[in-house]
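The structure follows.
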Amino acid sequence: MEKLLEVKNLRVNFKVRGGIVKAVRGVNFHVNKGEAVAIVGESGCGKSVTAQSLMRLIPSPPAETSGSILFKDKEILKLSNSQMEDIRGKEMGMIFQDPMTSLNPTLTIGRQITEGLIKHQGISSSKARARAVEMLDLVGIPNASARVDQYPHQFSGGMRQRAMIAIALACNPSLLIADEPTTALDVTIQAQIMRVMKDLQKKLGTSIILITHDLGVVADMCDRVIVMYAGKVVETGTKWEIFKNPKHPYTRGLLRSLPRLDQKKDEPLVPIYGMPPDLIKPPTGCSFCARCDEAMRVCVDNDPELLPVDGNESHASACWLAHPYANREVSV
Amino acid sequence: MVKYILKKFLSMFVSLFVLASATFFLMKIIPGDPFLKEKAIPEKIKEHLFAMYGLDQPVWKQYLMYLNNLLHGDLGMSMKQQYMSVGRIIKDSFIYSAQIGLFAVIVSLAAGLILGIIAALNHRKWLDSVTIIIAVLGVSIPNFLAASILQYVLGSKLQWLNVSGLNDPTDFIMPVLALSFLPAAFIARLTRSTMLEVLSADYIKTARAKGLSGRIILVRHALRNAILPVVTYIGPMTANIITGSVVVEQIFGIGGIGKYFVQSITNRDYTLIMGLTLFYGIILMAARFVTDVAYGFVDPRIKLTRGGGKG
Amino acid sequence: MRTRKSAFTFMTALLILAIVAAGCTPKNEIGNKGSSNANGETSQAKVFRMNIHSEPSTLDPALMEDNVSGTLATGIYEGLTRKDENGQSVAATAESWVKSDDGLTYTFKIRKDAKWSNGDPVTANDFEYSWKRALAPDTGSTYAYQFYYIVGAQDYNESKVANADGVGIKALDEQTLEVKLVSPTPYFLSLTSFYVYNPVHQSVKDNAAWAADAKTIIGNGPFKMSEWQHNTSIKLVPNEYYYDKDQVKFAGVNFTMLEESATELANYETGKLDYTGKPTGEIPAEQIPVLKESKKDEIVTKGIASSYYYQFNTNEVPFNNVKVRKALAMAIDRQAIVESVTMAGEVPSFGFVPPGIIGEKEDYRTEVKDDFFTENVDEAKKLLAEGLAELKLTKFPKVTLTFNTSDGHKKIAEAIVEMWRQNLGIEVGIENQEFSVLLKNRTAMNYQISRAGWGADYNDPMTYLDMFVTNGGQNNTGFASAEYDALIKKANASGDQKERVEAMTKAEKILMDYMPIMPIYYYSNVYMLKPGFKNIFLDYKGDIDYTRGYYEAE
Amino acid sequence: MKDQSFTPDQFTKLGNDKKSSEPVVRESISAWKDAWQRLSSNKIAMLSLIILLLVSLMAIIGPHISGQDFQTNHLKEKNLSPSGTYWFGTDDLGRDLFSRTWMGAGISLQVGLYAALADLALGVIIGGIMGYFGGRVDEILNRFCEILYSIPSMLIIILLIVIMSPSMFTIVLALSITGWISMAWIVRGQIIQLKNQEYVMAAQALGANTARILFRHLIPNAMGPIIVTLTLTVPSAIFAEAFLSFLGLGVQSPAASLGTMINDAIKAWTLYPWRMIFPAAVISITMLCFNIFGDGLRDALDPKMKK
């Protein structure tokens, strides 16, 4: 498979009063063409920062980004601002978490779709408008030709997120980054939105990075999963590997906190207790150590590396439990 | 929409009536009369003058007489400049004030928005500090001081500009600048404040994610959402500026309308006071009406034109 | 959608326009620099440029009441007589006059070549018409009482008679005007140059708004109005029909209306004005000492017949005691005030009638010295203690000095109150009031100490002294003296100047002994005139005469 | 894995108490303490606060420390430039400008402060009501504001002069009668824009009462323009007081305010610039610090700005 995007040793630091927040600490992953990848983790784990830094949307200062982001063989971090403008919207689209605030309240939906089209494809405004209607139709907005001239406040939440998708996909980008696209929506709408995204992915062949804290939506949609914690990738693998054979205690924690259809009635949902570490002073050892039920002495001062699980190419985990010395007596 | 405008006009008419009534009685309560001067006029002559102007009548009668004249479109003659009608005084002097005022509105809007945007884009950097200092000086240096300094430096010392008058196009520069300092500074502060909030809004990120250029994001997405307080402010500000500034007009020797707002009252020139108040009231109410309509254009969520109700 | 878009585009366009305008205009100004000097004429015929502060309240002589109008009237109109530089009445539109032996009848001969600015002849009928017009109640002239010396005038003006037939103004023929007076009024001749005595063209009765525009004003003076930009400027050009046009040398007179003294001075200094300062303009007081050094040859100080004084409410404690009033008057340093506070060459005053007013033969003030009291802090302290004791007061009560809003008045008040504080140990509050409020309070005797000033209407001590007759309209002090009233009456009835001056001298002494008013200084006018301008002068009242001025390059 | 040797005993399970070598979570702190921490780490804002405190202190003790009192005239020593005797020079009656400046600062700052408070109270509440309720309430209140705003304030001031005697209360009253209207309009505009946002509608749907929506949701979000308007109110009140003095309602001499001092000095500023510079500098510096501190305060209190 051809790699569309390859991220190597991505680090993002924020200068704030009181120190430097190391939000992303050496993240590696890739996305293949046509593939849907999920980045999963609690809020504050650096997944959104990672996603936004792919499009260089993190303002610098206060942020400092280093490492390498190769997109279609171009080094994103080295492009000029205007080159970057040509990639945004055209090659990569992005959907944000809150459709209520992510649309400009003072411009019509149509205008917000067409402005990217006009900029990137240089088409006339009437053509752009036709394309906007088409896009709205595509994302399932009824009566699109009338709706195109309405303002965001005339749309419901779900419709707005559909419109966001239409905006993001208007120029037919090769990569769509969806940053918690359904978090702000209620459950029934969530499913509809995910369906729209999935359908479009199939139709247009777009690669997707789905950022979410909810492993539930992942199962449906994604090929591979990347689990992040405290600015690092702690486990990565195919959807099946992660769901059936999670190796990292954090992944297991996430899965345990998820309601499942096959769940027994008396089996409780188990939240992960405690708080993520302060990324101004990240722990020297495993960053999950403090919350880990299976923590060992080694975990306190030694940071585990992301290593293939059972020699498997696609599945990797960063945990001392994989060390030969560790007792392997853990069950899911 | 037509109904809305009609309704607005009707309520404006009622408001003007209330304004005229309130001003009329207030004006009659305060001590003094148009014929009071250091060299007192003999009692008999004064009595006759009072009778000529109807000032010997009970106040309510004077009020009805005034309203009657007003309904016939007659603002009366000035009691101080006896050969001039109030309408003509306003017309002759407003021309100057309006010219300078409109320029000043444009200059202060342009300068204020630009400074405010620069400050917001450079939040907590030195350019932000520079604009803060300029803006604060703009609001804390009164316009008479700014006008005097301009006049002394550009007019008297460097002699680049005429110290007073409105004969050359360049004569507009100093009065316009003097009038613009404060509003420009205030607009800059307002713009900066709301721009900072807007620039951190999600839809700005959306716009960036679309690959739009910084300039377009700024003008199309950010400014439009940030400009509402500025729109609110420029309504009354325009009304105030185009009806002249006493000090600036005095310093630059401009025969504008500004001084009459003070002079008519010190002279107790009753007809002129009323005429000016109504004139100002109309301009202010018109400016406020335009402001309300402009809200709808700036932010489509606002629908004042459809009348009442929350949201 | 479309409208919104265009509205926004419009705003952006405005912005750009403004930026462009702001960026470009300063360049033009450099190109225009040279053209601003309008007074390019050479010595033969120069335009004289001065400031008149503000729009004249009228140019109808009957309604005039301020010196802005008066200054313009000097150019546009001409009465029967004019004042020369020494304050003497000289022939003008009247070439000669005869006073009857009883002093009650004046017969004026109007010169044959007197013409209006439209070429019509000026006749005795015009004067009769104009004066009766000024007296007509419905004209609404506030200065109509200046005609009350004439038989029947007051009755007509006060509507006691229906028509003007009984008024003692009569054109015997085209050239002869006969005026009958109620009593011999030695200063009547002086009044005939006063602006309310100016004639108006009889056509004015057909146009109520005739005095509002340059086109419709018809005068008989040395100049006529060529342009009136309301609130901005007035231009006069010589009147080609004027009988004495050979003596009119200026190509024109331009008046600006600048209310700000600093602006006026800046215009003078940048060569846009030839004259600055009093009577209609002003030189900023604090600049005067500096200009007296730097512009020695241009600056002129001229005493004028006006008095600046404080008046006491003698009905109220503690000023119902003459010793208290005297103490306050004696405890200030007038020299320090005129030197350090007002700085315009004013003269400390110890009497009421200012210099410049004609007495029996010469200046009243040189004939009758103003030594009615002296400054003496020790004596003042003693008087104050005595006065308070007489009033059975243990300490000086809380009183307030009020004055009408003006920077100059405020400064003087601050200095005087401070002198009282230091010299007498009394605290006097200061309160500035809006003029109308002050005048109302003064008429209602609702004050303790108040600033006041008085300028002459005509050239006789009476213009000052008749103010303080019992219940006089200007007498808001509570001062009432039968003896004083009798003396004023006597002076008014007499045609003998010696007898009159004697009575008036006694009256002034009574006034100063009673001291309802505390003299501070006699005004003076300071002005600057560009070198080369000649024969422009101020009369005894401080009114400017520019009509015979000329320019002679040095 | 690095060339690192571990011992098996390192792979024994940890007790819950020893899991980390460092505290895991940041100390949780109250919002106020947090705001104060953010504010105090803003050096310029803190410097501004110190200067503001210094100016206030000088307004109290300043008139008494130069050894010259504010009202004694020294006519022989008028218009002196700053010197050892007269630190800020003397004015046109030879009075000590140092004492007068600080005395004026005391009066002017009070005027500015009270006027700002009055604007805040009246303007925010009435503007909030106009914006929030809209419809007829808005129409009537708005017209009331327009009428009040159009009545010549000089008439009102003269009326006040006639019925009241000059005092701080009268000054603030005169300034506040119409002063709050601009604030009300600004607030009204903001509320009209904000009330259409989802969180407000959500709060309405949840049945939150009006006052709560207004003061908890709407007004805090309009704080930016409110603070900016306040920073304009203060200097304009200071200069308006000078105008009141001129009409006879403001501070009466020999007392001084910064506004009246500047008014007096303007006539001769080219000759005696110090008479204008010191009072103008006090106003400008105070306003600058007020603005910077206001910005700092807003940044510290407003979590939105944290990023």
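Per-chain residue numbering starts at 1, and chain names A, B, C and D are given in the order in which the chains are listed.
Criterion: contacts are C-beta pairs under 8 Å (C-beta built on N, C-alpha and C of every residue); 3 or more make two chains touch, one makes a residue touch a chain.
None of these values were measured; they are calculated from a predicted model.
Looking at subunit B and subunit D, the chains that touch each of them are A, C.
Nearest to the common centre of all protein CA atoms is the CA centroid of chain B. Remark: subunit A and subunit B have CA centroids separated by 53 Å (rounded to whole angstrom). We define each chain's centre as the mean of its Cα atoms; on that basis subunit A and subunit D are separated by 45 Å.
Inter-chain spacing, taken between the CA centroids of subunit B and subunit C, is 36 Å. Averaged Cα coordinates give subunit A a centre that lies 87 Å from the centre of subunit C. Multi-chain contact residues of subunit C (touching two or more other chains) are listed as 262, 434, 437. Subunit D has residues 158, 162, 196 in contact with two or more other chains. In subunit B, the residues that reach two or more other chains under the touch definition are 30-31, 148, 152, 224, 299-301. Interface residues of subunit B, counted against subunit A in their complex, comprise 201-203, 205-214, 216, 220-221, 224-225, 298-301.
Touching subunit C in their complex are the following residues of subunit D: 71-73, 75-76, 78-79, 92-94, 158, 161-162, 166, 245-248, 252-254, 264, 267-268, 271-272. Residues 52, 55, 57, 81-82, 84-90, 92-94, 96, 98, 101-108, 112, 115-116, 119-120, 151, 153, 164, 167-168 of subunit A are the ones touching subunit B in the complex. Chain contact summary for the complex, subunit C toward subunit D: residues 261-262, 284-287, 290, 336, 339-341, 405, 407, 410-411, 413-415, 417-419, 421-422, 429-434, 437. On the subunit A side of its complex with subunit D, the touching residues are 17-18, 100, 153, 274-275, 277-278, 281, 283-285, 289-292, 294-302, 305, 307, 320, 323, 325-327.
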